[in-house]
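In the two assemblies presented below, chain A is common to both, partnered first by chain B and then by chain C.
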Partner chain A sequence: MNKDISTPVKRADVSEKLMGTACYIGDMELEDMLYAKTLRSSEPRARLVSITYPEMPSGYFVVDKRDVPGKNIIKMILEDQPFFAEDVVNYIGEPIALIVGKDKAVLRELIAKTSIEYERLKPVFSIEEGLEADTPIYGECNYFAEYRLKKGNLKEARSRAKYICEETYETGYQEQFYLEPQGVIAEYKDGKAVIYGSIQCPYYVKNAVIECLGFAPEMVRIVQATTGGAFGGKEDYPSLLAGQAACAAIKANKPVCLLLERNEDIEVTTKRHPSRIKLKSYIDENYKLTGMEADIVLDAGAYAGLSGVVLQRAMFAAAGVYNIENLKVKGKAIATNKAVSGAFRGFGSPQAFFAIEMHMEHAAKTLGIDPLAFKLRNILKQGDKSTTGGIFREKILLSEMVDRVIQMSGYEEKKKLKNANEYKRRGIGLSMFFHGCGFTGNGERDHIKGRARLVKNEEDHIEILIANVEMGQGAQTTMRKIAAAALDIELNKVFFQNPDTDRVPDSGPTVASRTTVIVGKLVYDAAMELKTKWETGKRQEAEVQYQYPEGYQWDNDSFEGDAYTCYSWGVNAVEVEVDPITLESEIKGVWAVYDIGKSIDDRLVRGQIDGGIVQGLGYAGMEVMENRQGRFIQRSSTDYIIPTAKDIPMIQSELMCEPYSDGPFGAKGLGELTFVGSPIAYALAMEDALEMRINNIPVRPEFLMEVADDDKRN
Partner chain B sequence: MIKEINFKLNGKETILEIHPLKRLLDVLREDCGLTGVKEGCGEGECGACSVLIDGILANACLYPMGKIQGKEVVTIEGLVGTDRYAILKESFEQAGAVQCGFCSPGMIMAAESLLRRNPHPLEQQIREAISGNLCRCTGYNMILDAVQMAAKRGDGIW
Partner chain C sequence: MVAAYRPKNLKDALEAIIYTEYIVLAGGTDLMVKKKQGAGLLPAFDKPVLFIADLEELKQINEKEGYLTIGAACSFSSLIDNPLIPALYKQVFLQIASPAVRNIATIGGNICNSSPAGDSLPLLYALDASIIIENSCRRIEIPIADFITGPGRNMLTSSELVTAIKLPVLHFDYVVYKKVSARKSTALSKVSFVAMAKLKDSRLEDVRIAFGSVAPTIVRSRDVEEAIIYNSSNGSLDKTEIISYYTTLIKPIDDQRSTAFYRRQVCKRLLVDFLGNWLC
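The block that comes next holds the complex of A and B.
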């Protein structure tokens, strides 16, 4: 393999996926397998008084909290969420029990005939209610996390400021809507629990099942089934399903399959955190942004889940791509009686970037200066310090990237053009953003400590043993390419199967855009080790563990230092056409430039770019999910609308890369970066077309009409 | 209430003793072992269960078996092995139209159905034709490229 690694190769998994022979969890059938359906709470917050089940036919039974052999708490960051509700329920859809048996139709009927008596408790439905809850859901103050960070001397910036701008921004829920709903199958054989599932993080699931069952680690085995999309949605939720199914399999002594139906999946699984972000900026007479205060509040839902870390990522992105020397950022993740908010591509940063990018635009407009010039005057450069005082060590290509997007999109002429024709208005918006690659703070160094192993057999075929999964992003292909290129051997001599925790070391979860940059580097290092000791025709192994790169530092108590060891960058432009009467919009063009260090496969990279951008456009424009009194209004595939092929134009994208010295072949993270910029560029384009300020996404025509009416009144 | 349903499945005359309200999707997956037909929503919204019924693209999750009496059903498994599939497969591969793959068999069926009706579709016609098939991974444009590529390569065979 001596051609450029970026040259596309055939995807490892493409043939079986096209033919329909790839085996997703719903396609697996174990001998004597039973099915499970979940009995769920219909109350947002209540004490469970009693549950009356119908008479169970033979072969059908209930599995609930009494059937958890170990601890009825899902192992995550805080210990608050049970596998099966104990005495209280905290959101509509919270699992109380499983009913298990042979026939799914019978199970549905049994669930429908079960009655639950509740004693209602006072619920908390919104961030506002959550901040003032007199009967907290969690702790004494009703939040799962509260953090503060400081940089420089804000007081001084405040006293020097010539202009002060303050605004609040809000973002809504977003559902991952991976095409394959979640599911697991558990079996219990010879004292060992084996779980197959549609999952992102085999070892998260393993650790959760160990605690749930109280088993020794070697008595729990997790095998990833072909996974039909995840986007963060299959990061933590599968742990819950796996624990439940494992308890059921032990009770039944038969394999148990627990698959969610689509509408169930929409309603009860984790979603992107709604946010409310207040920014107050201090600007001097030269239009330098010298200070900022940020107050970030996330709606975390009923249990802590990953909210603390999502909040950290949001806070560390609060200043966006701007060099703000004096900062104060505070953040809270509030408990509410709604489904748990969790991981979704971007993990807190889309909310923070939306706020700061809109803020910069609005501040410039208020000051009567050109927004783009104002932004460029303040952008980060190599050697500047991040929100946490870490140093941007690599070259930052942002201004070149902006130039390129301006050129590609014809930004300047389009900016002048207001009316497309007599009936339609036009607008264009441009966003700048980054994504910190890998786990936030000390995650990679102190928690994950990822390990990767390569095994060479007597035929000199290499197998990659890592816990990271193929979930559509192309990990099977990129990891094989990295190993083959490092070893300088043919790609078809390198193999990578879906991980099985009995075979693979813990290289960490498939999250945080870390698979290529962190785990890919481990695979590269293991390959180099194997290459040095290579003996043809002999079985050999090489295993390496993550080493925190030299020269970086991080203090997790004060949030000081390098929150990430590398950053990927992006600039997006979106053009829209809007009907001024109905305010319906059509996206006319999308242009994007990214710095991802090095592309490991140009075709896979474009797939991530296109997919991320379109999800982002959905987030900003059409994906509406509201919650009223604890119940989601859009809770079916009919009501929750995601983009179709008709909703988007062709996307023009390019790379402009500054290689990262610690990444494999210079590569940095990619997957999440592609999501962050398009919602902002879309919102800015709408703002440009309609000449009104937008502070909330999703942007909705009915909402815009209200703003327009208000503007008229004022 | 079990009824005898006669239909042609992937070219073979098939007789099943089945409840006429059972969904075609479940019959294909559970009784016929054709798991290339996926369930993404069960409500006719996603197209993951796309099959051809008498040559017309349909969502198998919306069809009770009673309505299949005397009809011809083609699933992805029936298309695999044809020259048209070979061209679609090569084009989907080269255009990068597959990521998680859950939508892919359904997309192939939608492309086949379009090209049968219109062997030289324009961009907007392709968008229209696959708009009943959701894909959350690709953002669609690489699927569009794939269909265009297939139309060109397969000129004359549809």
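The block that comes next holds the complex of A and C.
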């Protein structure tokens, strides 16, 4: 294998997925398997007074908090979320119990016949209510995390400022809408719990099940089943399902399948955090952005989940791609009586980038200067410091990327020509962004310490043993390519099966583009070790563990240093046409340039780019999820609208490459980055078309109509 | 489990429904969703099901004396492919759901589902379509506006079938069809609007205007249309007055797809645009 690693190869998983032979949780049927259906809270916040179940037919039974042999708390960052509700429920849809048995239709009936008596408590529905809650859901002040970070001397910047701009930005919920709903099957055999699941993070699930059951680590085994998409949605939530199903399997002494229905999944699983971000910037007489204050509030939902870390990423991205030397950022993740907000492609950074990019545009417009020139005057360059004082060590290609996108999109001509045609109003917007690759802060160094192992058998075939999963992004293909290229052997001599925690070391979760950047490098290093000691025809192994790269530093208490060791970059342009009557928008063009270091497979990269952009355009313009009194209004696949191929034109994308010295072959992060820029470019294009300011996404025609308010104007 | 019956021909079907109350299933694209119970479970039909999609008598398309008769079990794809169907009608059908749904969803089903958001309905109202209803001993013809009595409600009894739809083949000089929905495919409408004008010697001879998804049933008023025709011929058309007439008929709601305010404004704007562009 000596051709360029970027050259596309056939995906390892493509045949079985195209042929429909891939085996998902819904396709698996173990002998004597029972099904479980979840009894859920219909109240946003209440004390459980009593539950009256109908008489259970033989072979049917209830599993609830009393059936948790270990701790009824899901192991995550804070210890607040139970597998089964204890005395209080905190959101509509919170699981109270499972009813388990052979026939799904009977289970539905039993659930319908169960009555729950509640004593209602005063609920908290919004960020505003959450900030002032007199009966907090969590702790004394009703937030799961509160952080501050400081850089430089803001006071000085404030006193030097000639202009001050202040605005608030808001973003909404977003549902991951992976193709395959969440599901697990649990089995209990000879004292050992085995979980098959549609999951991103086998060892997260394992650790959660160990605590739930109170079992020794070797008595819990997690096997990843074919996973039909995840986008972060299967990072934390599967731990809950796995613990519940494991308790049920132990009680039944039979395998138990807990598979969510599509609409159930939309309503109760984690979603992207809604945000409210206030930015106040200080600009000097040369239009240099010298200081900024940011106040970021995330709606975390009923339990902490991953909100603290999502908040950190949002805060560290508060300055966007701009070199702001004096900075104060505060952040809070607020508890509300709604489904738990969780991981979703970008993990807090899309919210922060939306705010700063809109802010820069609006500040320039207020100052009467060209927004793009204002942005370019302030962009980061190699050697500049990040929000946390870390150093951007590698070359930043941002201005070249902007030039290229301008060229590809005809940005300048379109800016001039806009609204030449009165009837259809056109607009174009351009966004600049980065994504910090891998875990935020000390995650890799202090928590994960990932390991990867390669095993060579007597036929000189290599098996990659890592805990990272193929979930549609192409990990099976990229990991094999990396190993094969490092070893200089044929790709078909390298194998990578779905991870099984009894076989693979803990290389950490499949999140944050760390699979390629961090674990890919571990696979590369293990391959190089194996290559050095290679003896043909002999079984050999090589295992490596993550080493924090030299020259970087991070202090997790003060949030100082390199929050990330590597950054990937992007510039997007989106052109829209707005129907002047209905105020619906049509996307006319999308142009994108990314620096992701070395591409491991150009076709997979293209897949991520197209998918990320489409998902971002949905986030900004189409995907509406409102919550009233704790209930999601758009909670079915009919009502929660995601884009289809007909809504998006051909996406024109290119790559530029500034390699990361510690990534495999110089690769950097990709998956999240592709999402971050398109919502902003879309919102800016809408601003351009309608000559108005947009501070909130999604931009609904309903909102634009309120602004237009014909009746008042007439 | 319920019984399913697949009649050999229309007569057989009409006889079957005399004695047994059936759920009549043509394409099933609405029914299967309504009766869905969950993955791995059969849909919850509480009565026996009569499958009529394969009845040849219900799949005919004929044109006679200026009228099109379309069999109730014609799929939208078959209508789109049929040379007898005028282009305007096809334009409406092409915006229904997705190709896969259009391949099995039937025009009769869309009518009998009687949803205020039914995609074919504003057009059928605007064209004064008639619904042909048969039972084992008679055949009657009812204007669509009388047939549909409320959201999801119509005049059909359990011993009758809708067998065909009768439409005039009309020529209009100006036609506007707009389906406003959150995306271009597989979406229910927030508002739909059909407006057609026919001119003779540059004078307005006929006008048809219908709105969908903004009231319990499709909104159309022949009285207002006649007022438009009359007033435009003597040059006294007051657009504000026309709009205020329709405003009393349009009663949209806030729901998961849109807001009452948006729907009302869009209706007004579409109407203003139509009256402004085509009538002045």
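Going forward, the second predicted complex is superposed on the first by the 704 of 714 C-alpha atoms of A that agree within 3 Å, B and C clash if a C-alpha of one lies under 4 Å from a C-alpha of the other, contacts with A are read in each partner's own complex, and residues count from 1 in each chain.
Here is the rule we use: a residue touches a chain if its C-beta (ideal position, glycine included) is under 8 Å from a C-beta of that chain, and two chains touch if they have at least 3 such contacts.
Values in this document were obtained by computation on a predicted structure and should not be read as measured data.
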item: Touched partner set for A:Ile613, first chain B, second chain C, both or neither; value: first
item: Dominant toucher of chain A (residue count), chain B or chain C; value: B
item: Which of chain B and chain C A:Glu584 touches, first, second, both or neither; value: second
item: Touching partner for A:Gly229 - first (chain B), second (chain C), both, neither; value: first
item: Touching partner for A:Thr510 - first (chain B), second (chain C), both, neither; value: neither
item: Touched partner set for A:Gly26, first chain B, second chain C, both or neither; value: both
item: Partner chain(s) touched by A:Glu706 [first = chain B, second = chain C, both, neither]; value: second
item: Touching partner for A:Gly472 - first (chain B), second (chain C), both, neither; value: first
item: Contacts of A:Lys646 with chain B and chain C, given as first, second, both or neither; value: both
item: Touched partner set for A:Thr638, first chain B, second chain C, both or neither; value: both
item: Those residues of chain A which chain B touches in one complex and chain C touches in the other; value: 26, 261-262, 638, 642-644, 646
item: Residues of chain A that touch chain C when the two form their complex; value: 26, 104-105, 108, 259, 261-262, 581-582, 584, 622, 624, 633-634, 638-639, 641-644, 646-647, 701-702, 705-706, 708, 710
item: Residue numbers on chain A that touch chain B, as the complex places them; value: 8, 10-11, 13-24, 26-27, 176-181, 226-231, 261-263, 471-474, 603-604, 606-607, 610-615, 636-638, 642-646, 648, 650-651
item: Chain A contact footprint on chain C (complex, rising order); value: 33, 37-41, 178, 180, 182-188, 191, 256-259, 261-262, 265-266, 268-270, 273
item: Residues of chain B defined as touching chain A within the complex; value: 29, 34-43, 45-46, 48, 75-77, 80, 88-89, 92-93, 96, 98-105, 108, 126-128, 130-144
